[in-house]
Every structure is written in structure tokens, then in C-alpha cells.
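What follows is a set of structures for review.
Two complexes, one shared chain (subunit A), two partners (subunit B, subunit C).
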Partner chain A sequence: MRSYILRRILAMIPTLFLASIVAFVIIQLPPGDFATAYVAGLAANGDIVSQEALESLRADYGLNEPVAVQYFKWMGGILTRGDYGISFEHREPVSALIWERIWLTMWLSLVSVLLTWLIAFPIGIYSAVRQYSAGDYIFTLIGFFGVSIPAFLVALVLMYLQFKYFGKVASGLFSDEFVAAAWSWARIQDLLAHLWLPALILGLGGTAELIRILRANLLDELRKPYVITARAKGLPEWKAILKYPVRMALNPFVSTLGWILPSLISGSIILSQVMNLPTTGPLLLRSLQSQDMYLAGSMILVLSVATVIGTLVSDILLALLDPRIRYQ
Partner chain B sequence: MNTSPLLEISGLKTHFFLDEGTVKAVEGADLMVQHGTTVGIVGESGCGKSVTAYSILQLVESPGKIVAGKILWQRPEATGGDLLDLAALKPNSREIHAIRGGEIAMIFQEPLTSLSPIHTIGDQIVEAIRLHRPVSQEEARRQAVQMLQRVGIPRPEERLDNYPFQLSGGMRQRAMIAMALSCHPSLLIADEPTTALDVTTQAQILELMSELQNDFGMSILLITHNLGVVAEMCDQVVVMYLGQVVEQADTVTLFNDPKHPYTQALMRSIPKIGQRRRGRLDPIKGMVPDPYNRPHGCCFHPRCDKFVPGLCDQQEPPLRKLKSGGMVRCVLYGE
Partner chain C sequence: MTTEAPQSIPTPRVEAPREVEAQVFVAPQWKLVWWKFRKHKMAMVSGVILILIYLVALFADFLAPFDPGLTNSTYLYVPPQSIHADFGEGKPGVYVYGVTSTVDPVALRREFTIDPSQVIPLKFWGRGWEYKLLGIFKTNLHLFGPADPAQPAYLLGADRLGRDLLSRMIMGTRISMSIGLVGVFFSLVLGIFLGGISGYYGGSWDQLIQRLIDFLRSIPSIPLWMGLAAAMPLQWPAQRVYFAITVILSLIGWTSLARVVRGRFLSLREEDFVTAARLDGASQPRIIFRHMLPAFTSHIIASITLAIPGMILSETSLSFLGLGLREPVVSWGVLLQDAQDIRSIATAPWLLIPAIAVVVSVLALNFLGDGLRDAADPYTR
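For the complex of A and B:
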């Protein structure tokens, strides 16, 4: 087990290296650079920027150097000094801009995953054990709605309802007085009070999907001979089901940890725009539009690190859960 | 010594209610298991032998249901010693939970899929022991080690912490037997216990079962389609066809003097060493009928070479007692 974890951690290093290159190359792909995007933005407002000013901007930001040099300078800064470069647009170090947003994104994702599990687990088991019952049909119907209605639409409807009937604006992750406040117990409570609704909306599609997966998996497992053995031993029905087939059907729950993070982050961009959430989504979108390369690159890098770690955690949990993986 | 049978099944009918129609998987099963004996149930695939066994423990799953008949079970002295009709119990009642594993245990065909792949052997045996015995975890573990040793698994203490996929097929079936016998049941139902094993291992497992039967004094209900296994293991044989018991006799009588045409045909279809007539086997003609459309009258008449027109296809013959002590369901043996 220890060597398995060690192997997996070592395998992360080349993955992350590749991810960092891909992150950097992707930002270089669109024609032009931050300077041209900046000038185009100014030109749209009627300002004229001289060629010299443009060139000095490029020189200041090191945009004239070859891509490889830029990459190694950037990576060197991250690895040696924890310096992610500066954001051209905000004229601030990247690390000052992103960390709070990244933590909030992580929290939102984590709460969303937990809510997804909490809801999907009992419903999935119920739907499989009572297949084709009225309850199963109702949950299936709700599940199809959950899969097919985009999260931002649900968010808009809920926001409207909340405003109309409770007079509250369900927007942002903090109340006004806490937006700029330092972290405190009161701020955390305020965050939790705001977090559950976007987390629930964000997890809606995943929940519906997970219910379907758990139901299908459990239906397969319920027909396996070891369930009959468990019954033939004299185990009461619910104990036999929870200890054996449900344990076997749990694997997708754990696997979700790995892939739910990237899908939540990409899915949360629209939702974050709609609900005005201070997550990475809107900032990433803006930085890509303005070709603010170090900001965008750093965010993509940190998110890929989070995804790789999420996958590692889910793989380790899977190995703990299933000896057949552990002993291979 | 108790002379009343340990288990007596009479007129058992277990039907499956499907959208396509009703499958009468068991349509009149009668059999008796005496204390300390081995009874074999033989028949082709789909003849209802497994469903009969599952019915005993109320393990038939929806849409299957026991619709008629009695399954009288003589409870051991320790649990009251009364006579209980298992067919009348609810599938999820406390009584049937106590009987499953505690008084009647079961082993299955495929020991790999019949044991949970993600729980250790020890976990699964200890669970069985603690379900029926008020013992501590340590004591249950000690008993589990003893059982593994008893069924011939080397280094039982280590094996206890192994997972089923780390054991060979034969060892897995031994572990399965250890689990089934861990609570000293008075009846062991073995549903084709050796079908998935190679011939050498088969012989070892059968030998082990006979040995354990002598030690524990239990009865065995052996479900198989292998007549060789029956000849070796059983005192009594029950032959089933299309959900009905068509013949019951002691093993020697059945092999020497089979009465029912189906049994006779089965015997002819066994390859024999040294008896090469024209080198060809004699199969039973025709196919097993569609389970949704059972033949009218005797259900074997379309394939029977002693078919009497106007009699066999008209009414279903009852199971009659013979002078030899056996029973047969055929119009040829009447008063």
C-alpha cells in the first residue's frame, strides 16, 4: 500500500510538468499577446497608442523573449520563490489575486460534492432496491430533469423565487458587510449560509448522474451470487444489502472525487457569472479574454494540480475500499 | 434416535410471475431427508432443482413465490425441537433468519462469485458465527481458524486474512464449506458444489463433505446433474423433470432398476467405460419443453418412448408409492 501511494505520487510529477507546459502553451495559442489585446482595448475607446509605447510595454513584460525562456522564467519563479508572476491587467502579483478565489472554489466544490453524495446515496440505494416502484419512477423523473436542465437556469429561477417571496438577493458568497472583511468565525458562518445554495445548484447535474450510476451498479450487484450467500447466512435483508452489494457499488462515488473537480470548475463559470460568486471562473474567463497570460496560466496550473491531487486521493480511497486494486 | 424425517417437502409449488406469463418452476415437489443421510436431487438444467432448494430457505426472489405446499422442518433440540413449516414463514422474518445459516446452511456452485470479493474470508466466516452464536470477536475468530483447519486449508491463521481471489478454486470451496458449517447446521444444502471445479478437486471436495458429514452428523441435500456424484455420495435420490419429482428411490435401487422412463433414459445416456457398443451415446430425444407451455398430462410424454396415447397426454399421473419403498410418477406403475 505504501509503495502504491509512493508510486502514484512519483507519477504525479511528470503529469504536472506536462500540465504546466500545456497550460502555458494554450495561453500562447491565440494570435497576438497581452500588449496587442491591451492596445485593441484602448483603440476601441478611441485612444491611440504609439508603436514605441507598445514596444516598451512588451519589453517590460518580457513578451519579446522566446516562449521557452518565458516558460522557464515563470516556472523558475514558482518553484523557487512561489512567485506566479504578475497580472498585466490588474498590475498586481498573481498570487495576491487568485488564492482567495481558489480556496472559495475548492470549498464550493467540496460542499457541492458532499451534498451530491448525501443526496445521491440514499436515493440511489432506494431506487435500486425498489426498482420500478412509484418512488423509483419519481426519482428517475427528477433525475432526468436534474441532468437536462442547465445549472444557471435553475439558479436564475431560484434567485427569482427567493427575491420575490423572501425579498433576498441570493447573490455572491458573502453578505455585504463581510465581502472585504478579514477571515473570522462570523465570516465563515456567513459563507456557509451563502454557500449551500450555489453548491446545491452546482451539484444538481452530478447528483442526478450519480443516482443513475449508483442505481445501475447496485442493480448489477444485487443479482450477484454473494448476495444470496449473505442472505443464506441469516443476515437480515438490509444488513446483507448494505454490507455487500452497496459496498461494491460505492466505487463510482469515490471515483467522482477525481473528475468532479474539473467539471465543477468549468460548470461553475456560468453559474458564478449568474450568481456573482467570487470563484475562479469569472476571473479565469476575463484573463483569457485579455490574454493576461501569467494570471490565466497560474490558475490553470493550480486547478490542474488540484485535479491531479483529487484523482490521487480518489485512487487511494479506491484502493482502501477494494482489495482487488490494492493487491495488483 | 429420532425416526421422523429432518425435512419433509410435500406438494411444493414455486411459480415465477413474469410479464410473459407464469413459469411454474416447481410444480409438485415431494421429498424427504432423514437424519444423517444424503439425498441427491438430479435433473436437467431448468428442472427446478435449485428453485426447490432456494424455496427451503425462502431465498426465492421476486417475482418468484411459493404458492402451495409444505416444507416441514424438524428443529434441533437446542432451538425447541418443534416442527416448523418453512413455506409459511415470511422471507424476511426473524425465524427464517435464525434458520438460515444456523440450522440449514447452503453452499453454491461458483465459490468465487459466491463469496464477497472485497471482504476477507475471515470477515465473512466470523460474521456467520456471530450472527448465530453469542460469542466475542476473538472467540469467533478462533472458531473460524478451527473450521478452516478442519476443512483442510493449510496455514489457516494466514488464510483468514486473505481475500477470495487470493485462493485457488478448491480452497475457495473449502472456505465456503467452512463458513456454511461454522454454526453446525443439521442440514447442508449443496447446490452443484463441484460443477465449477476440476475433476481432481471435485473428488477431494466430495470426500471432504462425506468426512464432515460423519463428524457433524448432519444431513446433506445435494443438487447436481452429475449422476456419478450421486452414485458416490447419496443414500436417496430424487429425480426431477420440469418442476416435478418423477421418481424417488434409494441410490442402489435407482441405478439398478430405474422405474420412470425419464430415469431410464437418463441412465442410458451415461457414458460407460468398457461398454462400447457402437461407440455412440443414447441421448433423450427431443428438447425440454418451453416453460410457459407445459405439456398437458404427464409433462414427459412428448419425449417418452413408452408413451400411451389417450392416457399420458390426458391426465397428470400422481406420485405413487412402490413396494420397494421408492416413489414414481408414471401411469405404467399403478394398481
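For the complex of A and C:
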């Protein structure tokens, strides 16, 4: 087990390296650099910056150096000092801006995964055990809709209905009095009270997919001889289903975490924009629109790393759940 | 000989199914696929819906009653005018009621009331704005529209600039439905090329390409797309933006197609007919394109169909965020951008109608792809 985990962690390193390169390329892509954008920002306020000042700015941030050197400086800053560079729109270090939002994004995704499991588990089992029943058909149909409708459209429609029938709209992740408050038990409770609805909407697509996979897997398992043996030996029906076949069919629950996480984080960005959630979404969007590239690149990097780590955790969980995986 | 089989066993089979079976044995592959596909009712219905949607895209300007770019400052945010019909003697036939606008003195907001005294008749084969049918014939003929083109007939309401939402939605069908096709085409080229190398040659190439696919699938796609889309210069012309967006979408979209192609290549590589072709001295391109590709075209078509909705949704999402296509280009995502916050939805809920078009086409493509996937391998029972 230990060697498996070690191997997986080693395999993660090239992925993380690639992710950092992609994030850096995105920083470099727009025409001009940090200094020209900075000066353009100052010029918009009426300040005129001399050529010398521009050059010294470039020298300060090492913008005259080759791209590879810049990359290693950026990465070096992140790895040694946790320094992600500076956001030129906010005139603040990137790390001061992103962490709370990153945590909220993670919490949103995590709660979303938990809700996905909670919902998909009973429905998947029901659909498989009562195959072709009316309930099965209804859930299958709902599943098709769940996969086809993006979360942000669901959110828009829900918000409109809320507005129409209740006259107010749930948005944000905190009540007014907690928005700027320090973390406390009351604030966490307030967060959870706001978090479940966006998390549920965000998880719809994944839930539908998981129900489909669980149903198909469980159907395969239920036809196997050992289930018949269990029934023949007089095991109660619930035990004959829940004890072994469901456990076998559960693998996708853990393994899909790997691909659900990227799509959840992707979806959360648009959903946050619509529902006005203080996660990475709106900040990333604004930083991209204003070409605040260190901020944008750092967020893309951190989100990618978080996803890769989440995938790693899901792989390890899977290996714990099913020992056969380790030897593949 | 089989005639020696014991006669005592009663055979419930009659002759008719055997005839059907004989038909099955001689039928070409495409026929088997069609027979199996026909059984999937939802897929059949979806196929018809999709044909209709693409017809709408083809004849969009003929179907749109108004010029989609035409603004009208009198009719900002006009609610949908419902259609009435009265075919009596001297009656207008199909018509809508006019609207009168008043400015609410307190809220300073323009409000519209339906005015039953004004009747605006609608006319089939009416004349309206000028366009080129199929890009060739210059005409101003439209399927329907107000008999007097200057009168308002906003069947789905108007947007913030007083443009007709119905016309814009019809015109948006073109971009939204084609971007999926073009994007999937790029993904397909990449997917077949890289997946083919991966599956046919195997070894270290396979390892490298598989790691690349793993990597692309493990990072969240929307932030990546957003980053790439944001790097597009603002002064780019609409066509280049459209092209760039499709390329950006297919940069990640190819991975799932490559997986399918690789899996098929791996399983076919060991088949007898491939070995036979190789021993016969067929060249590698001939083995790949003449012998192997036809054996899994149906699988590829099914995967393509299932990949298009993802592309459509991605374009919608990007444009919705303001990072994708931009005005004056009209796509469903661009239209939904107007419905981005609760304030605009509260004043003009009809701005959400393009979402229905998105959902219907995506659902239809998913059902169609599902049916095609089931039918792709007609030899399994």
C-alpha cells in the first residue's frame, strides 16, 4: 500500500509541472507584459510614466529576462516563499487575495460531492433493484435532463422562480452580518446554511451521471452467481443486495471523484458568477477581463493543483476500498 | 448434417422469423445499424428534432421576421406579444395586439400595456428586411411577419436595445449549432491522429499520449478555456474569434475521442482480418484506412454525436461569461449574456428563452448519441 501511494505521488510530479507551465503560458499569452499593463493603468489615471521608470519597473520584476528564467523565478517564489507575484489591478500580493476564495471553492466542491453521493446512492440502488419500474424510468429521464442542463442555467431559472414567488433571491454565501466577519462557529453555520443550494445545483450533472453508472454496475453484479447463492442460502433480500453487490458497485463512486472534481470546479466558476458567490469564479473572471495575469495564472495553477491532489486522494481511497486496484 | 436432428423435439419456431433471420444474415452493416437504431424511439424523435433545428439554421434569415441587429428605442424590453387568431369575415386572421408604453412616474421605468384596440395582422410570405437566401439569392421574402414591417410584433419579446428576441434566437441557431460541428471536426482530426498512433503503435508513443490525455483531463477545463479566450485580442474580427473559440474548445475535446479510437485500435489490432491483411503485404496506411477504420466508423460517429453537446454547452458558457463570441455575432450564449444577473431576469424573464433552445438541442443530441452508441455494434445482442 505504501509503495502504491509513493508511486502515485511520484507520478503526480510531472502533471503538476505541466500544470504550472500551462498556467505560466496563460500569464504570458496576452500581448504586452505586466509593466505595459501597469503603465497603461497609470496613464488611464493621467499619470505619465517615463521610459526610465518603465525600464526600472521591468528590471524590478525581471521582465527583461528570458521567459524560462521568469518561469523559474515565479515558481521559485511560489515554492520557497509562497509568493505568487503581484496583482497589478489590486496592487496587492496575489496570495493575499486568493486563499479565502480558494477555500470557499474547495468547500463548495466538497459539499457538492457529498450531496452527489448522498443522492445518487439510494436512487442508483433503487433503479437497479427495480429495473424498468416507473420510478426507474422517471429517474432515468431526470438523469438525462441533469446531464444536459448546465448548472448555471438551472441556477438562473431557480433564481427567477424565487424572485417571482418569494420576492427575494438567495445569493452569496454569507448573511450580511457575516460577510466581513472573522471566522467563528456562527459564521461556519451561516456558510453551511447558504452553501447547500449552490452545492446541490452544482452537483446535478455529476449526480445524474453517477446514478447511471451505479445502476449499470449494480445490474451487472446482481446477475452474478454469488448473489443467487446468497439468496438460495436464505439471506434476507436487503442483505443479499447491500452486503456484497453494492459494495462492488461502489467503486465508481470513488473513482469518478477524479473526473467529477475538474468539472465541479469548472462549473463552480460560472455558477458563482450567476449566484454571486465569493469563490474564485468572479475574481478569476475579472482578472482575466482586466488581463491581471499573475492573479489569473496563480488561480488557474492553484485550482489545477487542487484537482490533481483531489484525484490522488480518490485513487488512494479506491485502492483502500478495492485491493485489486493496487496490482494493476 | 443437421437434418438428422431428433424430430421429437417440438419446435415452437415458425417459418416467418427464419425468413427475417435470413434477411439479417445477408444485410449489410449499415442496415443492421439502422434496424437497431430504429428501435430507440427517443433517438428517432431526437433525430427528427435535430434535422428541424439544422433546417432552421440553414434558412434562418428566411424564418426570422425582423433584422436581428435592428434596434428600436421605443420598444426596449417589450414583453412577448401573444398570437391571436380570428378568421371571420373581414377579420385580420392571425394577429397580435399592439402595445403602448407609459413611463412610470415613480420608478421612472417604462411599462408596456397590451392595447386591444390596435390590431397588428401577421402575414405569411410577407416582405421584410433584405437578406441573401442561402447566401446567393437577394430577397426580402419571409415565412411570416407583420403585414406592415414597420409595426412591432415581438413574439418572444425584445431585449435591452429593442431587438426582436425571436429573430435573434433563430439567427443564433446558426452559430450555436455549427460551432459544435466545427469544434468536433477539429477534435476528430486530433483524436483520430493521436488516438490512432497511440493504439496502433503502442509502446512509448502510447505512454506519452496517454499521459498527455490524463493531464488534460485532470485540470479543470473552464479556467483553462477562460485563460485562453481572454488572451484573444479585442480587435480580432468576428470570424477569427469564432475560429479561435472552436480551436480552444477542441484542444481539450479531442481527448475523449482519442480514447475511443485507441481502444478500438487496440482491440482490432489482434483481429484475424488485420493479421491476414498484414501477411498479405498490405501497406500500413492501407491496413489502417481500408481495413480498420471502416470497422469502427459507427463507434466514431456515436462518440462524435455525444461530443457535440459538450461543445455547444462550452460555447454557451464562454459567451455567457463574456469571454467567447461577442456582439454583433449572435449565438445562444451571447443572447443569454443579457440574462446574467437577477435584475435583468426580473425585468425581462423572456431573456431566458434562448436557454430552452440550448437545452432542447443538447438533450436531442444526447438522446441521438445514446441511440447511435447502442446501434453502433449491431452484432452484439
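We adopt the following convention: the second predicted complex is superposed on the first by the 289 of 328 C-alpha atoms of A that agree within 3 Å, B and C clash if a C-alpha of one lies under 4 Å from a C-alpha of the other, contacts with A are read in each partner's own complex, and residues count from 1 in each chain.
Quick note on the criterion: contacts are C-beta pairs under 8 Å (C-beta built on N, C-alpha and C of every residue); 3 or more make two chains touch, one makes a residue touch a chain.
Note that this is a predicted model, so its numbers are computed, not measured.
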| item | value |
| --- | --- |
| Subunit B versus subunit C, judged by how many residues of subunit A each one touches | C |
| Partner chain(s) touched by A:296 [first = subunit B, second = subunit C, both, neither] | second |
| Contacts of A:235 with subunit B and subunit C, given as first, second, both or neither | first |
| Subunit B versus subunit C as contact partner of A:308, first or second or both or neither | second |
| Contacts of A:103 with subunit B and subunit C, given as first, second, both or neither | neither |
| Which of subunit B and subunit C A:196 touches, first, second, both or neither | neither |
| Touched partner set for A:15, first subunit B, second subunit C, both or neither | second |
| First (subunit B), second (subunit C), both or neither touched by A:274 | second |
| Partner chain in contact with A:153 - subunit B first, subunit C second, else both or neither | second |
| Subunit B/subunit C common contact set on subunit A | none |
| List of subunit A residues in touch with subunit B within their complex | 224-226, 228-237, 243-244, 247-248, 321-324, 327 |
| For the subunit A and subunit C complex, residues of the former touching the latter | 14-15, 18-19, 22-23, 26, 29-31, 144-145, 147-150, 152-153, 156-157, 159-160, 163-164, 169, 171, 258-259, 261-263, 265-267, 269-270, 273-274, 284-285, 288-289, 291, 296-297, 299-300, 303-304, 307-308, 311 |
| Complex contact set, residues of subunit B against subunit A | 54, 57, 59, 92, 97-102, 105-106, 108-110, 113-120, 127-128, 131-132, 163, 165-166, 176, 179 |
| Contact set on subunit C toward subunit A in their complex | 211, 214-215, 217-224, 226-231, 233, 309, 313, 316-317, 320-323, 336, 339-342, 345-346, 349, 352, 355, 358-359, 362-363, 366-367 |
